[in-house]
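Take a look at the structures below.
Each of the two complexes below includes chain A, the first together with chain B, the second together with chain C.
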Partner chain A sequence: MTAMQHDPAYNFAYLDEQTKRMIRRALLKALAIPGYQVPFASREMPMPYGWGTGGVQVTAACLTPEDRLKVIDQGADDTTNAVSIRKFFERTAGVETTEHTTESTIIQTRHRIPEAPLTEGQILVYQVPIPEPLRFLEPRETETRKMHALEEYGLMYVKLYEDIAHNGAISTAYAYPVKVEGRYVMDPSPIPKFDNPRLESAAIQLFGAGREQRIYAVPPHTQVVSLDFEDHPFEASKADHDCDLCGCGTSYLDEVIVDDAGGRMFVCSDTDFCAGRRAEGHSGRLSGEDAA
Partner chain B sequence: MYVAVKGGERAIDAAHEWLAEERRGDASVPELSLAQIREQMSLAVNRVMAEGSLYDPDLAALAIKQARGDLIEAIFLIRAYRTTLPRIGHSRAVDTGAMRCDRRISATFKDAPGGQVLGPTFDYTHRLLDFKLAAEAGTPSAREADPLAPEVPRITEFLNKDGLIQDEVRSEDTPPDMTRQPMEYPANRALRLQALTRGDEGFVLGMAYSTQRGYGRNHPFVGELRIGAVEVEMEIPELGFDICIGEVVLTECETVNQFAGSKTEPPQFTRGYGLVFGQTERKAIAMALVDRALRWEELGEENVGAPAQDEEFVLAHSDNIQATGFLEHIKLPHYVDFQSELELVRKMRKGALDAMKEAAE
Partner chain C sequence: MTPLLQVTGLTRHYGTRLGCGDVSFDLWPGEVMGIVGESGSGKSTLLNCLAGHQAPDAGQVIFDTRSDGPVDTVTMSEPARRMLGRTDWAFVHQNARDGLRMGVSAGANVGERLMAVGARHYGDIRAQAVDWLGRVEIAEDRVDDRPRAFSGGMQQRLQIARNLVTGPRLVFMDEPTGGLDVSVQARLLDLLRGLVREMGLSAIIVTHDLAVVRLLADRLMVMKSGHVVETGLTDQVLDDPQHGYTQLLVSSVLQV
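Take a look at the complex of A and B:
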């Protein structure tokens, strides 16, 4: 919530302009071919691979001094890695930051889509560990690229079918595969499948995988369908509770163990959403207690 | 209660303070200087330069100090710093034939033309702890001899004269740059060598060792191993000619490998190649073995399915900065995904238990 000068030892948003240009080209290509993984020359960043280097590079390439940045991890603004990435951009870009979804222009996220509907003009940047939805069915990049090119997704459907045959249900709870605009099967990053329906959004959604050197995108108002079968339709599931703090019955919940006896409470994973509801006067089962 | 996930910012700051304190250690012990690390931990410095892909002994020493001696962490610091450096231009290919060798050995010929020089090697030391060092042994000095001739011939060229070793085809193509272009498979040899030279020493060593134990065996001999300084030359456009802009120490290893011949080729020896920044002998030899194993297709050999023959497997997993980052990221919070799995397992268990109950009734 504070705008400052960026560290003059580094270029605005850390990356040099040539690198940002290279990333923007990849982003434009990704937006032009929704769901297609565009190879890009990912740079070594000052945080470890696997900790959001792809998302950070995409955010760096999109940021302008006028932007208001929000960073979340697990839906929360105050998880350690979200704090670390926000600090990185405060230092290297000096942009304003915010915890409010509605006030932000760029949101970098790991593992969640904010509860509040995103609007046109907003950009949601996902951190992606393994961009290839077919990777755990076929480890070779040379093969999976061919499979995408030929739209050869039979293996994926066989996997989902086998899940049902073995377990009676598709046993993928997060990173649930989707088909984008009827063409590419895409990994939505490890968001819970509860979030999948909100992949159809008014915002621009950009996905950055640094270690795997891939960028992909879902443009605004693009069709995104979670893979399923007619007799086993996709179901966006969540814990069967209301938030114990704000009483919301439709938000994604974290289960928090609160005592040594295994007592638990359920709270919104989206901390900004929950705080906003409480500020509006909503309350939950444990609101009276010193919970928050 | 719910405070468990709050306070991240304060916790991070406090952790960094504690880390700085631990890095310094007991304050009554004198602090290490960068010069001490650079001069007395030089092989660590060399490894950090090689796998960090940045030749700067002082920065490598700083990285080692900052990383508390964790070399992969030090390599990470160097890589991240390297990203911020502008690319001014490209040097000429260095001429290792003109290397000022500190060490040069061949295992294939008894008396190598140009001379064998052991140089500063651990090879024939007995690995007995030297307790004198614990008491600061003073300043040793070694006897001296005349340096080798300025151009030392390559051992493999003697074999090449008789056509006994496979010839390397000269190429004027600009090699791809894996730090500026995304990795693509299949990779050509130049790209493979780039990946191997900055690959993790332990990983490359393990891959090389696996070929020696039969997983894609290729009978290597060290045709030649040389370590020394070479000049780096660059053409300055304003001048129109090459000037020397500095020196780097390199380790170069050429292996001579057996080859039975194929339908089109008479039997001849083949080569593996390793070239690494600094005195990094283990890495250079390992690199040469893995390079040779990866050349199976080009040399018309059979793919026996050995890990070291599998380009995508070797190259995609050789980088320790990528590997350690992804490995350690599982420390980050994953409770949203875990929650999602919890719900699914509960639901599936309920379904299974209900079905069992029904069957029992």
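Take a look at the complex of A and C:
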């Protein structure tokens, strides 16, 4: 837990107050209409598109000096994207940061939901590359907006049909489409479908897409249903292994190649969760060795 | 008996130019009507106005819906009109690429309309898709191929299957045989005639090919410069044309 000095050359959390106000308005609207994509005037951020410009703007609009921020990328606190965004807010906002899910008040995430259950009062901010779930099925944005407005979601099932027709099962493994509160179909950002059931959460979930200039949200305790067919129900899948470091059999795993002779290990993608379990004395297949 | 479609005074302008002017007719259940005329005579404009793809400037298009009886489709709400477009209506485009999703398999193309009206059982959707591909003479082993792997004639047949799978009552066809070679045309016409009779469909066929309407249409409407110049039973109009333009049209057909 570190509290860095706020660089006074920057306004608190980098963005100017009017911009934060504009984003907060979009956020309130998004929370009022769960799953609806609200357009907002996305700003140029000092990082390339695809690195989380949408998430960063949403986080900046939500941050207060009292917040404790956690940033994860694919579940890990120590990857480039997570480290640089954490540093960015340490410098521009001077807020406390943490790697512990339970101690944080705002979590910005890329492609994962933390394993530890989120609680009321926490905000989870997703970085979204493509907010429109129908994008690759219907290229016209005017048409997809109309389809959302009129609740014409037959086309979304065409994608699932194609999966089954070609692969024998719904092979969409990430960015798995969901229906929010029985109304809007939403792209939950590229989280693994393992995380889909946990979209029904006590925390506020905000989604920011910077390049596409869209914000959407899932308020606490909102119904989120993954789309499926009656004879091919949704399944939250993960690698069929236990974590090689902490021995957990229920967490989402990353597969890591460890040598050039076919050696591999499976580790929790949520580094904080894995470290927490190891600190409690749990161990896995390779925890004695210096494997990683 | 009420007509399936009652059209009165349908008019559509493009700026100051006339697309189609003051068109009125009734279409009865099970009837196939042909609209012929040269390029630019307003045939496609009329068809697009009837099918709700374009908004007419004036006139009524009253369709006898299954649930609520006769309703004016020009003034009805857009969701209701789009719902008609994927249940009771079908639209066969001249170019199959306009009516198909080229990026997904043939089975998904046929299944899309079923899923759009609420089918959520994969096995049923697939069985119906295979059944319909069979009806339009596409082999079952092509069900997972994309339409771009199909020939022009197969694409057109696939488009027809995709449109008819939800059991529509009224089919709009815009030059369904355009761009196909004559032997493929003949097979397609044969197929269409069979399906129309078997399902008791009503259809409006826009074409400039008189042979097509001779084979398919019960009744004929001849258009020129946006106006209907002659109507009547197909054989009557083609064998004893009254209007000067119709006489020209009939005499222009090449005899082999």
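Rule of thumb we're sticking to: the second predicted complex is superposed on the first by the 290 of 292 C-alpha atoms of A that agree within 3 Å, B and C clash if a C-alpha of one lies under 4 Å from a C-alpha of the other, contacts with A are read in each partner's own complex, and residues count from 1 in each chain.
Heads up, the rule we're going with is that a residue touches a chain if its C-beta (ideal position, glycine included) is under 8 Å from a C-beta of that chain, and two chains touch if they have at least 3 such contacts.
Please read these numbers as outputs of a predicted model, since none were measured by experiment.
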Joint occupancy of chain A by chain B and chain C, clash or fit: fit
Chain B versus chain C as contact partner of A:267, first or second or both or neither: first
Partner chain in contact with A:34 - chain B first, chain C second, else both or neither: neither
Touched chain A residues, chain B compared with chain C: B
Touching partner for A:55 - first (chain B), second (chain C), both, neither: neither
First, second, both or neither for A:129, with chain B first and chain C second: first
Touching partner for A:76 - first (chain B), second (chain C), both, neither: first
Touched partner set for A:174, first chain B, second chain C, both or neither: first
After the two structures are overlaid on chain A, angle v-u-w for chain B, chain A, chain C in degrees (C-alpha centres, nearest 10): 70
First, second, both or neither for A:232, with chain B first and chain C second: second
Which superposed partner A:211 touches (first chain B, second chain C, both, neither): first
Smallest separation in angstrom, by C-alpha atoms, between chain B and chain C in the superposition: 5
Residue ranges of chain C in contact with chain A within the complex: 78-79, 82, 86, 101, 103-105, 107-108, 111-113, 115-118, 120-123, 125-126, 143-144
Complex contacts: residues of chain B adjacent to chain A: 1-2, 4-9, 11-12, 76, 79-80, 82-84, 86, 179-186, 312, 316, 321-322, 324-329, 332-337, 339-344, 347-348, 351-352
Residues of chain A that touch chain B when the two form their complex: 10, 14, 16, 39-46, 48-51, 53, 73-76, 78-84, 87, 110-112, 129, 140-142, 167-169, 171, 173-175, 190-194, 211, 213-214, 237-239, 245, 252-256, 258, 265, 267, 269, 289-292
Touch list for chain A against partner chain C, complex: 136-137, 150, 152, 154-155, 157-158, 161-162, 164-166, 229-232
